[in-house]
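Given below, in the form of structure tokens, are the structures.
Okay, so chain A shows up in both of these, paired with chain B first and chain C after.
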Partner chain A sequence: MDFQAPTIDYAGLSPVIALTAGLCIVLLVGLFRTAPGFMPALTLSVLAITAGLCIWQWGENESLVEGALQLDELGLAAALIAIFAAAVATILSIREPSAQDAGQGAFGALLLGSVLGMVILAQAQNLLSFFIGLELLSIPLYVLCASAIRRERSLESGLKYLVIGSVGSATLLYGFALLYGATGSTEFGAIAQALGSGGLADDSLVLIGTAMICVGLAFKLSLAPFHQWTPDVYQGAPTPVTAFMAVATKAAAFVALVRLFQVALGPVADDWNTALAAIAVISIAVGNVGALGQDSVKRLLGYSGVAQAGYMLAGVVVATQTGVEALVFYLAAYCLMNLAIFVAVVVRERETDRGDDISAFEGIGRSRPWIAWPLTIGVLALAGLPGTSGFIAKLFLIEATVEADYTWLGVAIVIGTMVSLAYYLRILSAVWIKDEPAPAQPPLPAIAGGGPLARLDGLEEGSADVSCPKGSAGPLGAYRCALVVGAGVICAAATVAFGVYPDPLVDWATTAAESLAPTL
Partner chain B sequence: MDMSWYLVLSALLFATGAVGVLIRRSPLVILLCLELMLNAGNLALITFSRTLGDEEGQVFALIVMVIAACEVVIGLGIIVAAYRRRIPLNVDELRALRG
Partner chain C sequence: MIQVMLWLPLAAALLACLAPRRAAGWVAALGAAGTLGLAIALLAGFDSASAGIQHAVDEAWIPDLGVRYSLGVDGISIFLVLLTSVAWFAATTWSAIRMPERPKTYFLMLGIAQTATLGAFISQDLLLFVLFFDLMLIPFYFLFGSWGSDHPGREGEGAIRRSPATIKMVVYTLVGSLLMLAGAIATGVIAGDGTPVFSMAELRADPLGEDSQRWIFWFFAAAFLVKMPAFLVHGWMPDAYRVAPLAVLAVFAAVLSKVAAYGFLRVVLPIFPDATIQFQEVILVVALASILYGSVMAFTQTSARLVAGYSSVAQLGFITLGIFALRPDGADGAVLQMVNHGLVIVPLMLIMVILAERTGGDDITRMGGLALRAPVLAALFLVVTMALLAIPGSANFIGEFYILNGVFQEKIVFALIASIAMAMAAYYALRLFQHAMHNRKRDDVESKEIGWREGAIVGALVACIVGLALYPGIVLERSDESVKDTVSAVQEPSDEVAARR
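Presenting the complex of A and B:
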């Protein structure tokens, strides 16, 4: 049998190659004893190089490796969001107990592996590369969730995520098998051609396959009614991992969803858009109601993530270019505002012994303005208040739904947003209205710094205008603390900036959406 | 031989796996049932590949086997870590995270 090697465009593949090489380097260097802060710096530089290569390839539009991957702005946009989220998660993980347990090298390598999966998933143009990307994204995340191996909750969340994630993958795989059987190909273009030639829209294989693909992806995207794992896993996982998981997974999986449904399954859009619209409305309702009574901020963000995924799904349902544009804008805005909140959660988790409970945020408006303001801006943006990018993002989404005659979906988004104010404002009232509770005993130093020295430092510093976690005292202390708080401030500043002057981000989203246009 | 029987078998395997994940309590058995679900997908892929006379499905199935192995390794690793921490190996009792 003749075998022809595929032609490979190494320039187009360079982000994937850089991430793979960087992953191996980080993993191997992590085996040696290095100065503290070296491994995160190495991970960050790999991410920076990959981001640079993505920007270099921006504007290219071609098929890579015989149609396995599609290089276009849409995929690169998702890759850039994932890389940004991974960079913030790396900064948050410096001296984090979970990363210490796993070893900073292994932690960084797992994070890079997950980003690699996201880049592949966002560019996948073939069922096979789609599945590989999805698993490459998920499997390192299972380990990262369980990486605080001494904490029972972390292990529990890792196990739960593994079981539920794998059920989702298996369902998705079965759906792919049926779709392959019906159309005779695994390539998106060929599938669309087979489906478009008629006669297959009512085919039972296609219908069951599409339904199973919807279910499998809904598990991954934490859409209701397949969301039950989300709050548990968000709460149990180490906070930097939760931050990464919440924003980056959504970006990559939503872009992949758009590509799969609009390129491959586009010809049978009538089969799936009502189902997806129903899932979107259920997610909005379940997420917003579920978040109401939560005391743990990470759980609350988990439920809010379910609702936000419902909003974003509206951008896929409408199946127009405006919809994709609104979706990409929403993903970028969501990334910034969520990370701003998670920075505050990480800082307070180390400063107090109350973990991520809402009471840990009481009174920080006065004592910790540098954390309180990014948190406030992030929460207001999630609620969609004007002046933040969250408002613009919701505006675009609602515009897209109205334009495509899905006005009722737009109404669902508005009602969901109104309900969501109840729990978002609860966080803000804790931050700005309540007083900081007087500690019954001296506050425990965070686990991170460890040792009696850190405890002494923490007490001596007092709590007045120190915006750093006390446990961070050490050679890396001040530097690390500036990085963490700085990341939060940058995310919040960008949220406000894109809320006041959204044009650059709109242009970016439009370019990304247009790269899919020939197939719409 | 009619290929559709292979599909029926794969659908039964998938259903067995899904029911097993839902009703069994031991994480080890749940992992086994997950394998069953993935292998049901493999069987369907290979059947279709044979029917269509196209190799892509077989390549897909081979790669899925590798992925399934990865998942089991991670799952067993977490279970061993949980066992060492004396966490009960019964998913009904894993409820530190609730609310």
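Presenting the complex of A and C:
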């Protein structure tokens, strides 16, 4: 029997190759002593190269490695979001105790590994590559969550995520097996063909398989009622990891979900869209109600993430072109606004001894406008208020639901948003209305000090001065502070810019969604 | 020109952020003055014989979603634009004189608020309107929260803290607004074939089916009634009014409630005519309840802020009554009354700043004798009070007369009950004036004349009130055509409704 090696389009595969190579380099270089700040810079440059390759391949539309992966704009869009989130997480991780403990090299390599998983997952066109991508995404994250090995919470978070993630993966895999049994193929196109030929819509294998796939993915996407791990893991994990996990995982998994359900399971849409709609509504309800009583901002964001995932799922449920467009737009906007908030959380965690408690933000509207404003804009955008991309994203999504005769789902989104105001405004009220409590304790010595980052000398002196008053120069250091705060400011500025002039992002989302057009 | 007017306050506010601390207020005030000038120029170039949209701008904004950047004024909105500019000019200058803490953020918020409010008045695209309507609220959240003060509360009731009070306000009003957002999107999608249509003119020309209108009507009505606030959904008002900074409350009370009333005229009547006719009496009952409840509450309150607040509830009830008479004279009166009420509330709130300074609070039982050494203040206050109670000869009287006239011809019972409230207005307005200015002077009350700069602002506003009283035609003549045009949408009900009647 002849074995024919698959033809491989190396150009199309280049983002994956670059990430893999970069991962190895970062891991190996991390074994040597390097100047502080060198490893994050190396990680960032790998991410930059990958992003460049993704942009280079933008517009290509072909099947890679014998149909294992599909190179199209949708997958690349998710890859770009994940890469951006990873870049911000890398910046946030500089001098983060957890990254120090793990070693910056290992931290960077794990992050890149997870991004690699996301890129593969977002492009997967085959059940096997889908599962490989998902595991590649998850396993580094389990480790990253536990990377603050001196904090019990972090270890607990890693373990919890591992256990629950594995249950999710197992369920998903079982579902895949059943689906394969019913249709005789692992390839999305062939599955769709088998399902489309009729007679299989009521097949118990297909029904049970689809249900298990739904459940497995719902675990990963922290959709209710499979969300219980989310607040604990979000709170326990080191904040840069939480930031990355919150936005990048969502982007990759949602794109994979939409591809799997529209392409492979499209012919039996009637089987799953009611179930997904129910999950969406439950998530909206559970997430928003759960967030109400939270005092930890990270827990709060965890619950709000459950609710936001519910909103986004509406874009999948409607199974229309507009729905996918709205989903991609929402993912990109969500990435920007969430990162703006996490930047503020990281800065306050290092400056005060109150961790991510909401009280750590009291009065920063007066004392730290450069953190307070991005935080405010991010929160307003999450709440979907006009003038931010969050408003346009909700508008897009509700329009998609109404168009597809799912008006009640649109109304559910609106009602969820109303409830969410109560907790989002609590953050804003801490920032702007409450007065700053008595001066914080002196900065923790563990994260203070360290030589200045020689590479970053070029940054504007001015912005560093404004953003970091003298008292806070210790924990973060002026240049690093400017870098971290700068990331937040950029995210917030983009959130406002896309709220006022959304056309470029709308076009981008439309192009990405069009790659699924033939199946919709 | 209309675009410059819309964005000038925001631009000036951003400029104020760059200006030195002390100059920030004056840069913002200059922006507000420029906006006022442009609004007057807009009025000067206004053709009163036409009912259509003038100074129109129409460009694509988000083509994929069918949202257009479409602006313009007609005979109704032009005066509300003018009112907005006047109110903001007064409040901004006032604030510039009494420099608030952290002036840059304060004036930035005030600027955003003005741009958003003007935007709501001049949007000709339904979604743009909703966007500005929602945006309007955010700066006020910060202004009330950051620059307001905790209210000590009355006896037997705890202090009212800023943070919960402002959150309550935002949640209340946004609940309405978000429903409106859903309603607006539904309207556009249902009306459009493929791509949604949000242009108000197109939506009016081709109204939705009656079933869709019926539920979408309530989404919009909820937003507007909460914003006003109307009876039953006014729960946010007392707390918010007591913690708000007064200069900001002046524009808030004067203009924001008018956006809601304007929304009924601009959106609900023309776009949902069948539902409007169907639910006319329900809204009339709500309006009547607001009038009675507002009036009764206004003369039992001891907080001067709440007297003003509840009187606004009553006045907005009147305005709603006029609009839902669904006759041109009723709506004419409503438009005039919106301008009147706005012009009265701004100086009233500013005078209250003085009262609070002289007496240390807003409790009218602890005031008294202020007029002793402050004849000018007393005179200005008296004119405002007279206008508030709609004494014959004031423009407010004419406005209420038109409204009642419209309602009499349509629903006589409502008009009879509403006219009782006019008498109540006299009672609470005079009670406020008397408690503050007359009576025996208490020892802790300082009777001092109003400063000349503050006096000039209040004086100018009072001059506007007097001017409008002498010649209310300036509003009525120009708004008449547009009002007739708007109301005509509900006077020719679709065949379906006519048949059922």
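In the analysis below, the second predicted complex is superposed on the first by the 482 of 520 C-alpha atoms of A that agree within 3 Å, B and C clash if a C-alpha of one lies under 4 Å from a C-alpha of the other, contacts with A are read in each partner's own complex, and residues count from 1 in each chain.
Definition applied: a residue touches a chain if its C-beta (ideal position, glycine included) is under 8 Å from a C-beta of that chain, and two chains touch if they have at least 3 such contacts.
Bear in mind that the values here come from a model prediction, so they are computed numbers and not experimental data.
Of the two partner chains placed by the overlay, only chain B lies in contact with A:Q294; chain C stays clear of it. Contacts of A:D503 after superposition: chain C is touched, whereas chain B is not reached.
Residue overlap on chain A between the chain B contacts of one complex and the chain C contacts of the other is empty.
Every residue of chain A that touches chain B in the complex is listed here, in rising order: 127-128, 131-132, 135, 139, 142-143, 146, 149-150, 152-153, 155-160, 162-163, 166-167, 169-171, 173-174, 176-178, 180-181, 184-186, 231-232, 235-236, 294-296, 299.
Those residues of chain B that touch chain A in the complex are listed here as 7, 10, 14, 17-18, 21, 27, 30-31, 34, 37-38, 40-41, 44-45, 47-48, 51-52, 54, 56-57, 59-60, 63-64, 67, 70-71, 74-75, 77-79, 81-82, 85, 87, 91, 94, 96-99. Partner chain A is touched in their complex by these residues of chain C: 62-65, 67, 102, 105, 127, 130-132, 134-135, 138, 141-142, 145-146, 162-163, 166-167, 170-171, 174-175, 178-179, 181-182, 185-186, 188-190, 196.
Chain A makes touch with chain C in their complex at residues 325, 365-366, 369, 380, 384-387, 391-392, 394-396, 398-399, 402-403, 407, 410-411, 414, 417-418, 421-422, 425-426, 428-429, 432-434, 502-503, 506-507, 510.
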